[in-house]
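Pasting in a structure now, in C-alpha cells, and then I'll have a few things to ask.
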Amino acid sequence: MSHVWVWLEQFQGKIPSIVWETMGVARRLADVLGTGVTAVWIGGAIANQAEEAIAMGADIVQVVEHPALADFRFEPYLAVMTHLAKEGTPQAILIGSTARGRELAGGLAAELGTATLVDALEVSIEDGRIVVIRPIYEGKLFARTYVERSPAIVTIRGRAFPKPDPDPGRKGEIRRVSIELDPLAFPTEVLEWIQETEGEISLNEARIVVGGGRGVGGPEGFEPLRELARALGAALGATRAVVDAGWIPYKYQVGQTGKTISPDLYIACGISGAIQHLSGLRGVKVIVAINKDPEAPIFKVARYGVVDDLFKIVPALTAELRRRGLAKG
Amino acid sequence: MHIVVPIKQTPDTTAVLTVDASGRISWGDAPLIVNPWDEFAIEESLRLKEKFGGKVTVITLGPESAKEALKQAVAMGCDEAILLHDPAFEGSDAVVTATILAAAIRKLGAVDLVFMGKESVDGNSAQVPPALARRLGWPLLAYVGKIREIDPAGRTIVVERILEEGRQVVRAPLPAVLSAMQMNEPRYPSFMGIRKAARMQIPVWTAVDLGLAPEQVGAAASAARWPVVFAPPKQEVQCEFIQGESPEEIARLLVDRLLAEKVL
Amino acid sequence: MDFQLSDEHRMVQQMVREFAEREIRPVIKEHDRAQKPIPWLFERMAALGLLGICIPVKYGGAGMDYISLGLACEELERVDSSLRVVMSVHVALNSLSLLQWGTEEQKQRYLVPQAKGEKIAAYALTEPGAGSDAAAIRTTARRQGDVYILNGEKTWISLADLADHFLVIAKTDPEKGHRGMSAFIVERSFPGVKTGTIHGKLGVRAGNTGWIVFENTPVPVENRLGEEGEGFYIAMAALDNGRYTVAAGATGLIRACLEASVKYANERMTFGRRIGEHQLVQEMIAKMAASYEIARLLYLRAGWMKNMGIRNTRETSLAKWFATEAAVQAALDAIQIHGAYGYSDEYDVERYLRNAKGEVIYEGTSQIHTPAGGIRPGLSQGSPPAL
C-alpha cells in the first residue's frame, strides 16, 4: 500500500521541530492505514539527518542532493517533489505548515491536480480517508475537510501535535535518488540570506512568549520584557500598534498580519487585546495579562491577570524567577 | 508596467461569526472588506505604478456583490477592475481558483507582475499564490516583505522574502507572481478615487469568456471538500486576578500559579 | 424614493470610519484627559481631503456633496466630538461661507488653501454678551479709507488658538441692529489680533476652544465678505451649514452610545443573566436605536435638500434639535446601562455625555431649536454661541 510521505524541511542543515511533529502524525496515520512512512530530504549537500528521520519514525528516507537544491527555491524543490510523487504515488504528503511548506504544498496540489488541507489541528482516518480539522477565519471557525483525490496534501500546524521521542533502534532504508535537473530551467536566484533570529528563540517554536503592547510606552519600554524573556528562555512578541509605531521590528508581530503562535504560556504586558492581536493567540494554553486598565479585553481571554503597572510587575517577576533558580540566563 | 492584483472580499476581521444548523456562515451586519493582506499588495502595486508608470488591474473571483471590493481598490487608485463571476465557479477550491485567475490574467495580455496578499483572512490557506504561479508557469515569490529593485528593461525583480528564520533575498525574471506580507501602510481611498469607482462600470467575465469548460471549474473540478464548518469548542477562561501588597508578592503568587499549571 | 446609500456615499462612510477607528480611537482618551488637541490631526485630515470635502475641485476641495459631509461628521463624532467640531468650524461655518459669498479673488486667496488644509479656519460670532442673540454683538468695524478697524472680543471660538483665518461678524453700523452687521475675513497675522484658550470645559476636551480680541485691527476692504450690512445673513446661512454638521455628528454620538451599550449589555452578567436580557435595559437600548434612526433620517433629508438647493433652515434646525437632545439622552442611558463603570473614565460613555451636553448649547440652544421656537422667523435664526 502506498506510503504516507513527509517532507523533511531543513534550514542550513537543521530540521525544525515542526517537521518531527509532522513525522509523528504521519507515523500514526501510517500505522492506522497499515502502511509505511516515506520521508523526503532535499538539499545541496550530503544529508546527515536521514538516520535521524528513521529514528523519528520514517521507514524509507529518499535523499535528493543536487547543487541546484542548495537553497530552498520553490521551483526546483517543487520539480523534485512532483517527480518523486508521480513515481512513488503516495496516498498523502504531510508538510510542516511553515512559509516554505505552504508554498511547496500549494505548488504540489496544482501540479498533481489535487488539493491541500492547510494548518491541520486534528488529523484522523475515517472510512479509509484522511480527515483534517483546520482553522478558518483566523481560527474563529473550524472546518472538517478532506481531499477527494490522491495524494491528499496536508500541512501540519506547529505545536499542535507532540514531537515523537526518537528511537535509535528503529530500522529503515535510506535511498539516494538522483534526478536530472537543468539549472537553467530555474532562473530564480537566491542572492543573500539575512539571518534575523540568531541567538533568539523563534516565536513559532517558543514554549513561552512575552508580548508587549502600547502600554510599554516606547522602544525602551521593551527592555524589562527582554529581560524577562531571557530569564524564561522565552521569545519576544508585540502587537501591530507598537510595530506600526516603530518601537520594534515587524518580525516580532503577533496576530492578524503577523505571526500566529501557540506557546504554553503567553505573558501579555501592556496589551489591551484587540481582536486582531487575539487571533494570533488561539493556540496558547495559558495567558497572563499585566495591564493597568482593568477593563482591557485581554483579561477576558487571560487565565491570570494583574491590574498594575507593568514596569513594577515585570521586573519583580524576573527577580522572583531568578530568586527561585527558575531563570535560564 | 502592468500589474494585476487578484483580491478577495472577506468579512471584516472584527466580525463575530456564527454557523447555523445548515452550516451557513453568518457575520451579522459586519461589513465586507478587501482582504487585509490584499491591501498590502494593492498599496505596493500603486507605489510601483507611481514609480514606473503603467497600470494596475484588480480582479476578483466572487459574487456580483464582490464588485464593492473592486470599487474599494479602484478608490484607492487602481485603474481597472474585472469581476470573474459565473454560477459554475461556485465551490472552487484554491487550485481551481488559481486556474480561473490564470485564465483571466492570460486574457489580459501583457502582464508584468501578479501581486496578491499572502493569504486571505477567511480561508487562511496561502495556496492560491503558489498554485497560480504554476498555472501561469511564472516564478513564485511568496511572502514578500520588501521589493528591493525592479529592472523594467532587464525584466528582473529582487525581493526580500520573509521566512521563519530571516529574510531570503531573491532575484527572479519577470513576469512573476508575488504574495505580500505586511510591507506597507495601505492608503485610504481618495475622494477622487471614490468618485471614479462609484461611476465605474465593472466588466464581468464568465467561464465562457475565459475559455474554461464547466468541468474545469467549480466544485466539480475541485479536490478539496469542506462539508462541515463549526464553531470551535468555547474555552471558558475565568481570569483570576492576582493581588498583593507589593509587586514582589504578586510576582511570587503568579510564579506559584504558573508552576502549578506546569507552563514554566 | 431611495433610502440606500449610493456606492459613493458608502465608500466615504467606510473611509472616514476606518480613519477614525484606526488613527483616532487608540489615542483619543489620553488627549481628552490631558485636554490637549491631537497635534497631527489637521495634517491627517488634510491628507485625506476631509478639510475640503464638499468644496468644489476647482477651489482645491474634494468635490463631494452635503450627504458626504454629513456621513463624514457622523463617523468622526462616533469616535470623538472634537473631530467633528473641526468639520463644523473649518468646513461648514467658514469655508462654505466663503464659497457662497466670497469673490473669486477671496476664494483663490482664502478658500483654496483652506480646502487643501494648508490653512485652518474658524468662525467668530459669539461674544461674552451675545450668545443666542447675535444682533447683540458689540464688536465694531469702523471704515477708515481702504481698511476697517476692528475692536472687540469674541469668545467660545472653536480652534481660536489654532486657526489661521477667522470669519468675524462685527457691527459696521451699530445703530441699525442686525442690518448693521458685516462679515470679515481676518488673518491671525493681522495687527492687534490676540487669542487665548478657555480651560476647564465640561466636554470636547480634546478640542481647542478660546477667545479672540481685536485691538484696532486693520482689515482691508477687500477682506469684507459680502456687502456691508449683510453680516447677519451670512452668519445665519453659515449656521444652517454648521448646524447640519452638528446634527450629523450628534447622530454619530448616538450610534457610539448604542454600540457601547449593546456590547456591554451582552457581556456584563448580573443575577446570573446578561444585563441585556433585562427588559428595562432592552428598552433603553431600543430607544437609542430608534433615536439613531430618526436622527439619521432627519440629517440625511436636510443634506439632500442642501444638495438640491432647497431652503432647509427649518429642517436643519429640527435635525439639530432632535439629534442633540437624543444624544444627551442616549449618553445618559448608556451610562446607566454601564452602571458604576459608566461613571468612570475607564469607559467611553462618560466622555460621550460630556461631549453631548455641549451640543444642546452651541449652534443654537435647544430652546431656540424646538419646533415651537424654531419656526418663528427671526428667533429661529437667533444666534447661538458659535462653536
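By written order: A, B and C. Residues from 1 in each chain.
To be clear about the criterion, a residue touches a chain if its C-beta (ideal position, glycine included) is under 8 Å from a C-beta of that chain, and two chains touch if they have at least 3 such contacts.
Model, not experiment: these values are computed from the prediction.
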Chain at the geometric heart of the assembly (C-alpha centres): B
Chain pair with the higher count of C-beta pairs in contact (A-C, A-B): A-B
Chain located farthest away, centre of chain A as origin (C-alpha): C
Whole-Å gap separating chain B and chain C, where each centre is the average of the chain's CA atoms: 39
Rounded Å distance between chain A and chain B, as computed from the means of their C-alpha atoms: 21
Chain centre separation in whole Å, for chain C relative to chain A (CA means): 52
Shared-contact residues (touching 2 or more other chains) in chain A: none
Residue numbers of chain C (touch at least two other chains): none
For the chain B and chain A complex, residues of the former touching the latter: 11, 13-14, 17, 19, 25, 36-37, 40, 93-95, 98, 121-131, 133-135, 139-143, 145, 158, 160-173, 181-182, 185, 222-232, 237, 239-242, 246-248, 250-252, 254-255, 257-258, 261, 263-264
For the chain A and chain C complex, residues of the former touching the latter: 214, 241, 293-295
Chain B contact footprint on chain C (complex, rising order): 6-8, 10-12, 14-15, 18-19, 48-49, 53, 57, 62-64, 68
In the complex with chain C, residue positions of chain B that touch it: 31, 68, 71-72, 75, 188-192, 194-195, 197-198
Residue numbers on chain C that touch chain A, as the complex places them: 26, 341, 346-347
